[in-house]
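Each of the next two complexes has subunit A plus one other chain: subunit B in the first, subunit C in the second.
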Partner chain A sequence: MNLVQTFSVALPEFILVAVALSLVLVAAFANSSESEASTLKLVRSLSLGGYGLAFLSLFMLPAGQVVLFNGLFAIDGFAIYMKGLALLGAFFASWLVSDGWGEGVDRAEFHLLVLMAVLGMLLMISAHDLIALYMGLELQSLPLYVIASMRTNSLRSSEAGLKYFLLGALSSGMLLYGASLVYGFAGSTAYADIATSLNDDVSVGLTVGMVFLLSGLAFKISAAPFHMWTPDVYEGAPTPVTALFAIVPKVAAMTLIMNVTYFAFSGISDQWSQILIALSVASMIVGATGAIMQQNIKRMLAYSSIAHMGYALAGLAAGSLEGAAGVVIYMTTYVFMGAGAFSIIMSLRRDDAPVERISDLSGLSSTHPLLAAGMMVVMFSMAGIPPLAGFFGKWYVFLAAVNAGLVPLAIIGVLTSVVGAFYYLRIIKLMYFEDADAPLDEGISRQNRLVLVASLAFIILFFLGIGQLSGVVGANIVAFF
Partner chain B sequence: MNSSWPLLSVITFLPLSGVLFLMLVRGTEANVATNAKLVALWVSGFTFFLSLFLYVGFDPDFVGYQFEEQVDWISGAGISYHLGIDGISMPFILLSTFLVPLSILASWGSITHRVRDYMMAFLVLETMMVGMFASLDMLMFYLFFEGVLIPMFLIIGIWGGIDRVYAAFKFFLYTLLGSVLMLVCMLVMYQQSGTTDIPELAAFDFAPTLQFWLFLGFFASFAVKVPMWPVHTWLPDAHVQAPTAGSMILAGVLLKMGGYGFLRFSLPMFPDASDLFAPMIFALSVVAVIYTSLVALAQSDMKKLIAYSSVAHMGFVTIGIFSMNEQGIAGAMFQMISHGLVSAALFFCVGVVYDRLHTREISAYGGVVDAMPRYAAFFMFMMLASVGLPGTSGFVGEMLVLVGAWNRANWVAVLAAIGLILGACYMLWLYRRVVFGRAEKPEILELEALSSREFLIFVPLTVFVLWFGVYPSTLLDIMELAVSDLLGQIGPQQTALR
Partner chain C sequence: MISSGFFYLFALVTCLSGLMVISSRNPVHSVLFLILAFFNAAGLFILLNAEFLAMLLVVVYVGAVAVLFLFVVMMLDINFSELREGFQKYRPLGLVIGGILIAELIATFFEYSDMSTKLPAQQGVHNTRALGQVIYTDYIYLFQLAGLILLVAMVGAIALTLRRRSGVRRQVISEQNSRTRQETIRLAKVQSGKGAEETGQ
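Right after this comes the complex of A and B.
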């Protein structure tokens, strides 16, 4: 394959690389203080444009599976879909930051690091080899460690960054150890070779390696019992960073898990589906019960995201194509619900300082009707109340679980969703049933409003397009596996 | 019979378009409130007018579903946008569209803050209710069935009484818990049959052991909605805290969703399990009828008393449904419609005096007849209809249920009849304490007489209760074929047992 073809297949990645490199130049050479604002403006539009361009370039990619770089990198309809989702999430997150209310994180470095992280995610999604997997994962993680501690004058932000880094390094270690075991027993790092090696006798070493790999990946999607870092990092990191954490990396990490389980280790699906079931049940329970007592809204959303990952894993545990399709649909709704929720949280300020306590939301409906109504829709959707988008995600993953004979898993899932409904309702109660004690600042930035309206439209009108979406997703999944 | 334009869809979604309209209302707060009320009233009134065409166009001699609409929704998955009505669902749709404008009228003066949001919630609620009764697809049914929770949660929580938060949470979580178990069963049914189409599912034979579990899952949801003893405890709280119109809709329509669900899902789809569980349901219903009647006797709060009486009346409904014979099911249907009208009227009776004295304590009243004679007349009529006086709709339903129950199991009919006596006790006693007696308190004598708006709400309710009592065939003719068709689906072996 010649260079031009290579470029055309990995086009989105190359676009992001080009934008990132030019950002370095822009940020380095425009250092006089009076032009800082205009530099920032340029940086913002460059990075947003980069995401937009990369997103558009997805439509120019060839259909069907194409493998590049000696089998390290592959694209297909499924990967393109997930890349689109990740880019969309990254666009939302960066767009939310660029309203200038970014708690001091809206700097050139931030946009550059996020670009690099997103590049890592795209590579993760396309990884077809354990080495490529690890490279992508680290390219994603290292910038995220830095931006978690972006607010240098805040102790909590530094703590969050450090915690994230230490535990992230631990999980990378586990993942590497697992990968080395797999390499030792399978004799190759390529997914395809691992899959073939499973046709013979499956050695214990391979299974153990797979367990370590999955543990490392479970950390990245913050599935219980590897979730400990999530609440602290969500709470400690600046809110725009939390928004990014909540929306984007999980899409990529979930895709990795799907690739590893459905493709590389498809031969031992009984083994990994046991692990996924355990992860799923633990996450659903921890997520639902852990959120109840939280006072900080970011912490609550951290537990809520743990629960969401549990639901998504329930679809994956089914080990079927429709399970995979269910996870994809779930992640799609998850991106929009996360974007909607954070566009609201980032609009909440009192005396120009961000508010994070759940009780600060009380009486929101009388002072900020749009924000309150939006939050209500997002909360009902997260609780899985039809006809909102969140319900359909749950419908598909539980349907896959039931079809795979995992009815008890589905029952645990729906029961924890009732527990989860309690804390979502609590927020609605505060906003609508109680009066405001101290009013929040007026107004909502243009950026926040746009993201909010877009995600609300998606959540509310999702039922109209579910037929088309499930068709597209289903076709891509079948084409892949 | 089948009109060329999608009448059912229009009726279902017209209220939603009213919501969009309401969003556009601008102006000062008082202006917005008045306009919002008018818009909501006109939209719901027009919806009722349109739903009359369902009645006019309905062919009672046609077996199966009418006004059917089917559009591909999730292609290739056996899930479609499928609406249609038969003799079982049509009366409920009319009941819903009839009660919504009345309850909007009932909240005319009593809702003073966030009037626009309130009207929006009611119109969304109407769409959900009508859509639920019209759905012929299981997934759609679930969407609407659960969707009802959202507006009702807000109506109780925002415009309710002192303990509204507790009541709203209890209402929401109780119903959700039941519903999610039903959701799992729906997934299993979908997996088994590959379709969510209700008519196809009704024709599908589920294995008896599977039916056992599926029945229990659906039972968890519908029993909470009906509500049956012992999962009825959310109802008194929700009723007491909800605003008057919320109670009217809650008792008038929402409780019927459980009974409708039994008729639409449990009986035709799990006939073996229904047969198996009938004794359990009889036992629970009899306990409900007797126990909640006794509890009602002990209440000091008017709304709570009527709420408990609702549980008792719905006990008759479940007895009738699981008698699984023509009289029982027709009686249960009749009882549901009748209770929908009567309980809505009774809650409005409470609302009328509550608006004036701001208390629901029975002891705060007495001798209301002196100040409000017309009110006393309406209240008496509705009270007697609730007791089941011949000539009112309450009588027909209860009598048919008792006949049906007697044919199935004598003991049920005997015990349920005790509940009738108790029902007369608590209702008459309530009436005596509130309306009769000497008006000693000065504020009672100064009560304003019934306003023309309140009069306007009572009149249609009274007319229909009387009409159905005197000439029940209006309703029974519509239901007859659907009921016998339903019994045919349950299977000859079961019907032969009767």
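Right after this comes the complex of A and C.
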């Protein structure tokens, strides 16, 4: 494969690398005090333009499976879809932070690091080899550790960054340990070779390696019992960073889990489906029960995201085409619900300071009727009320679980959804049936409004396009089976 | 015969110094034992005919990483006995988890029978050249990716630690370069017995 073909297949990645490297130069050479504002403006538009350009370039990629770089990097329809989702989420998250009210994180370095993290996510999605997987994962994680502690004068932000870093390093260690065992027993790190080596008798070593690998990956999607970091990091990190954490990285990590289970370890699906069922049940229960007592809205959304990952894993555990399609649809709705929720939270401030307590939302309907209505739609969608987007995500994964014979899993899922509905509905009750202690600031920035409108439109009108979407998703992931 | 003797020597010293790293009371001693462990691991690599990795281990880990550790340990002045206070409390849990891990490792060790087939093929070149051939051709993607990760680490470290303080006089190189002789040098005729200031030019 010659150079031009390589560029044309890995075009989105090359675009992001080029933009990131030029951001380094722009930030380094234009950063004198008088031009700081204009530099920041340039950096913002460069990074947003980079995401947009990379997104557009996805449409120029070849449709079939192409393997590059000596079998380390592969794209296919599924990878392109997930890359599009990750880029869209990254665009939303970066767009939200650029409203000039970024809690001190809206700096050139922030945009550069987010760009690098998104590049890491794209590489994770395309990883076709355990080493490429690990390198992509680190390229994604390192910038996220840094931006979690970006507000260096805040103790909570530093604590969040440190906690995230230490636990992330531990999970990387587990993942590497598992990868080394897999390499030792399969004789190769390439997914395709691992899949081949599973054709003859499967050794215990490979299974143990796979368990460690999945544990490391489960940390990245914050599935229970590897979820300990999530509430603290979500709460401590500056809100724009939390928004990024909530919207994007899990898309890439979930894609990794799908690639590892459905492709590399497809031969021992009976082994990993047990693990995924356990992760799923634990996440659904922890997510639903943990959120009930929370007073901080970011903490509550952290538990809510743990529960969402549990529901998505339920579809994955089914191990069928239907289940995989369900997970992809679930992740799609998850990105938009996260973007919607955080565009609202980032618009709420009192005396120019961010509000984070759930009780601060009380009386929102009388002071900010539009925000309250938007929040109501997002909360109903997260709770899974038809005909909103969140309902269809849950519908597909539970249907797949039932069809695969995992009826108890689906029942637990439905029960925890009911428990989860309690805390989503509590927010709606606060907004509509209680009075505000003190009024929140007026106004909502243009960026927040646009993201909110886009995600609300997606959530409400999702049922119109669900047929086409599931067709597209099904056609793209059929290569797994 | 001799090489197996050396193997046991290096392996034994590596394991013992590894134990000393985690058990010695003085953190500086821990780092020194770590360096000893690195040296012996390098010896093991030489026995495997991997001279390049052995050199790398000595140059990078002993020469750079361990010295950095030493600086950090000496400068931070951490009271390690205070850090160890919770150790007794968590010992049972740690033992259980460690025991499970060891049991798994032993189980996998018994599974592992045929190692010879999984060694990379000899290419008839010495290992420095072989590594170079692989890294810059087959694995160029990973090599470049490692470069990007290091760039992220650098940007991240600077972003977290750089504080722009006000009231600090900074060097502005472009201004320095654009200064002309006329605006910076004043020639004064100094009369004997008087200072340059008093001549009043």
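Definition applied: the second predicted complex is superposed on the first by the 478 of 481 C-alpha atoms of A that agree within 3 Å, B and C clash if a C-alpha of one lies under 4 Å from a C-alpha of the other, contacts with A are read in each partner's own complex, and residues count from 1 in each chain.
Throughout what follows, a residue touches a chain if its C-beta (ideal position, glycine included) is under 8 Å from a C-beta of that chain, and two chains touch if they have at least 3 such contacts.
Since this is a predicted model, take the numbers as computed values, not measurements.
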Combined model on subunit A where subunit B meets subunit C, clash or fit: fit
Contacts of A:R107 with subunit B and subunit C, given as first, second, both or neither: second
Touched partner set for A:L119, first subunit B, second subunit C, both or neither: second
First, second, both or neither for A:Y234, with subunit B first and subunit C second: neither
First (subunit B), second (subunit C), both or neither touched by A:F342: neither
First, second, both or neither for A:F226, with subunit B first and subunit C second: neither
First, second, both or neither for A:Y334, with subunit B first and subunit C second: neither
Which superposed partner A:Y81 touches (first subunit B, second subunit C, both, neither): neither
Inter-centroid angle subunit B-subunit A-subunit C after superposition on A [Cα, multiple of 10°]: 160
Smallest separation in angstrom, by C-alpha atoms, between subunit B and subunit C in the superposition: 39
Of all residues in subunit A, those that touch subunit C in their complex: 17, 24, 68-70, 72-73, 107, 109-110, 112-113, 116, 119, 123, 131-132, 135-136, 138-139, 142-143, 145-146, 149-150, 152, 181, 184-185, 187, 203-205, 208
Residues of subunit A defined as touching subunit B within the complex: 380, 385-387, 391, 395, 398-399, 402-403, 407, 410-411, 414-415, 417-418, 421-422, 425, 428-429, 432-433, 463, 466-467, 470-471
Touching residues on subunit C, where the partner in the complex is subunit A: 104, 107-108, 111-112, 117-118, 138-142, 145-146, 148-149, 151-153, 155-156, 158-161, 163
Interface residues, subunit B side, partner subunit A - complex: 72-77, 79, 139, 142-144, 146-147, 149-150, 153-154, 157-158, 164-165, 168-169, 172-173, 176-177, 180-181, 183-184, 187-188, 190-191
